[in-house]
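Okay, so here's the structure we're looking at.
Think of it as A, B and C in the order they're written, each chain with its own count starting at 1.
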């Protein structure tokens, strides 16, 4: 017999996992075409959350509009990052580490700008924006927010899947991921593909930010830091550039996190996640389902 | 001196070397030929410790080296060059030759930081040896140039000098004449024969048959990861299997 | 002479320079490690705890903290340094986070182990305060000078050349008889000890320390010292550390503007000056080019 407590943690894990997955997808997409980690991704996530928040609190638009605003806004921030930071380095054929450093710099910049704009105290959505009580008649507690999170995430994942596998854009993206030079010889507009990929990755991070902000109802400039490492763990679990891997990894990390809360209390949940990150890197850096890449010298 | 016994190398499902056996006796020059992708460089990598073979043994003298890390193998006396030159491009020519003597040095990290007396003597010795190699390979006037900025031919010669700086007993040359003109190739051949005279054993991968005939005492032919022929240059020249392997590549 | 505030700024400059040298060591050996902030935290906490509960003075901490960091770095370095570039970066970011979480939860673990429910050592997220400001400017100058001198000597030794060889081509370095694993692990250990040393001064300068001072932001700051100054010479990261401490002070920047500055500098330097500001070769090229242009103009005019 499955205990209610266990079932409850499964429900929480699925909802949290949906957010982590959306977020990790952006890491994975950029990694698959660029071969580099965009560590500013978590700052884009945070900006998405703030954009969604001010849509509701400052511009006084309904919550439903906060999602597209956050997606477009965060997507544009990500495209700007590509344009200002990554593109000059690509042109010069700079080493991967330079690209990593640039993304770290961009992250510091975006976080500081948000501190200047919004201050360092947590901001919140209006408390009555969504009914926070549990939905009645279920053997576990599930809130409307959790349902919205899951449905939104599923819709976006299905759309992304269609985009990558069924459209010309997706085909071009896969071609660039496979081999940039060949793709450009075949007439693919490589710069355009980079921009599109950054936009989609940013948009996913942006909406993940809004969903995260709604779930915990606390939005602040440093909110990206914790999610950044969860997302990294997710893509390391799933195999660095793998899109289905990122989704599985996201749910995996959330599962681990909720499970360690149930077993050892909330103090250890992050420690467990990072321990897994460590072990994965050492034992199977290609991920649980990824193919082998040269990760070692 | 070098004895390779039934070495098999697999990468995932791919068998790059299949029960390869090969001998390099002391003081001999042995050629290793075969079509592209036959596994020649894989074999050199296995000998130099960059990839450990899946099965089989490699003996150097009486020591099994197939599980040793590359620096130990170099310190035992096996040195190599690379098909696609791998000099330390940001260092000068002289520094390339000094860094290659790392394994000969005895000073510890602490000893060299604190400049104990032994360290200075060692430094002088390294400089002298590097100087001798510069003269031997006619690179003296370029000693302080960046290795990465040298013309191609000089880079090839420097790579050979660097390999010798480790004081090897066995030298592995991976396509040393790639990109050279016939005159340079012949000069390199003379160089190899001089090394043999000094008692060095050489295993050379080559496509240039003129060089092979000029320097090799024996030849092994590798195709699809297997040794398909072994003999003197004249025996190999007329071996139908070898002709077929090469024709197959062109066809 | 400097007033008290300026002297404190100067002392922090010297501490930052030690951190710059710490990341410099790993970078010039081709290792992109962001573990320094974690070792800084360990050094600072060891010093603070030893002083507060056992009365160990700064001089004692200067010996114990770097040694402890070295001992921790050894078992971590052996497996982790097999990873390269971004994988090493992720692993070391993870290490920093684990250190931070461990410090926050240290008391709970210690309470469980010792069975004393009121035991307070690291004091969770609030950290340790009331540390006396024992660090003297002359001590910092002396330690920095000695460390810089030792690194300078290291560069000129066979290990210095081995480090450069490993950075340029790890496999070729191995087949030149260099024990790559040994050199990398030793440098990682030195780098950790150096960060631990900086941690001692950190505790006895800041007077109050808390785990969140040593998070990812701190790791990024340390990286910025090396990127800004460049790693062509050991003066690069020292200059970078000084610059990133002085500039915001001189401009009277708030903490947030400091973050903006670091972000912009990291972007600008990597994009436009990949070798950093202290890069003799690049300046030399620029000088030759400018001179060439001028003499060309003169010829054209004559």
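In this section, a residue touches a chain if its C-beta (ideal position, glycine included) is under 8 Å from a C-beta of that chain, and two chains touch if they have at least 3 such contacts.
Just so it is clear, the model here is predicted, and its values are computed rather than measured.
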Overall pattern in which the protein chains touch one another (line/ring/star/complete/other): line
Chain whose mean Cα position lies farthest from chain C: B
Separation of chain A from chain C, taking each centre as the mean of its C-alpha atoms, in whole Å: 30
Centre-to-centre distance between chain B and chain A (centres being mean Cα positions), rounded to whole Å: 49
Whole-Å gap separating chain B and chain C, where each centre is the average of the chain's CA atoms: 40
Touching two or more other chains - residues of chain C: 171, 180
Junction residues of chain A, two or more chains touched: none
Chain C-facing residues of chain B, complex: 48-50, 69-75, 79-80, 82, 86-91, 95, 98-105, 107, 109, 112-115, 119, 122, 126, 162, 166
Touching residues (chain side chain C, partner chain B) in the complex: 150, 153-154, 157-159, 161-162, 164-165, 168-169, 171-181, 186
Residue ranges of chain A touching chain C (in the complex, touch as defined): 36-37, 84-85, 88-89, 92, 94-98, 100-102, 104-113, 115-116, 225, 228-229, 232-233, 236, 267-268, 270-271, 274-275, 277-278, 281-282, 285, 295-297
For the chain C and chain A complex, residues of the former touching the latter: 32, 79-80, 82-87, 89-91, 93-95, 97-98, 101-102, 104-105, 108, 170-171, 180, 215-217, 220, 223-224, 227, 255-260, 262-267, 270-271, 274
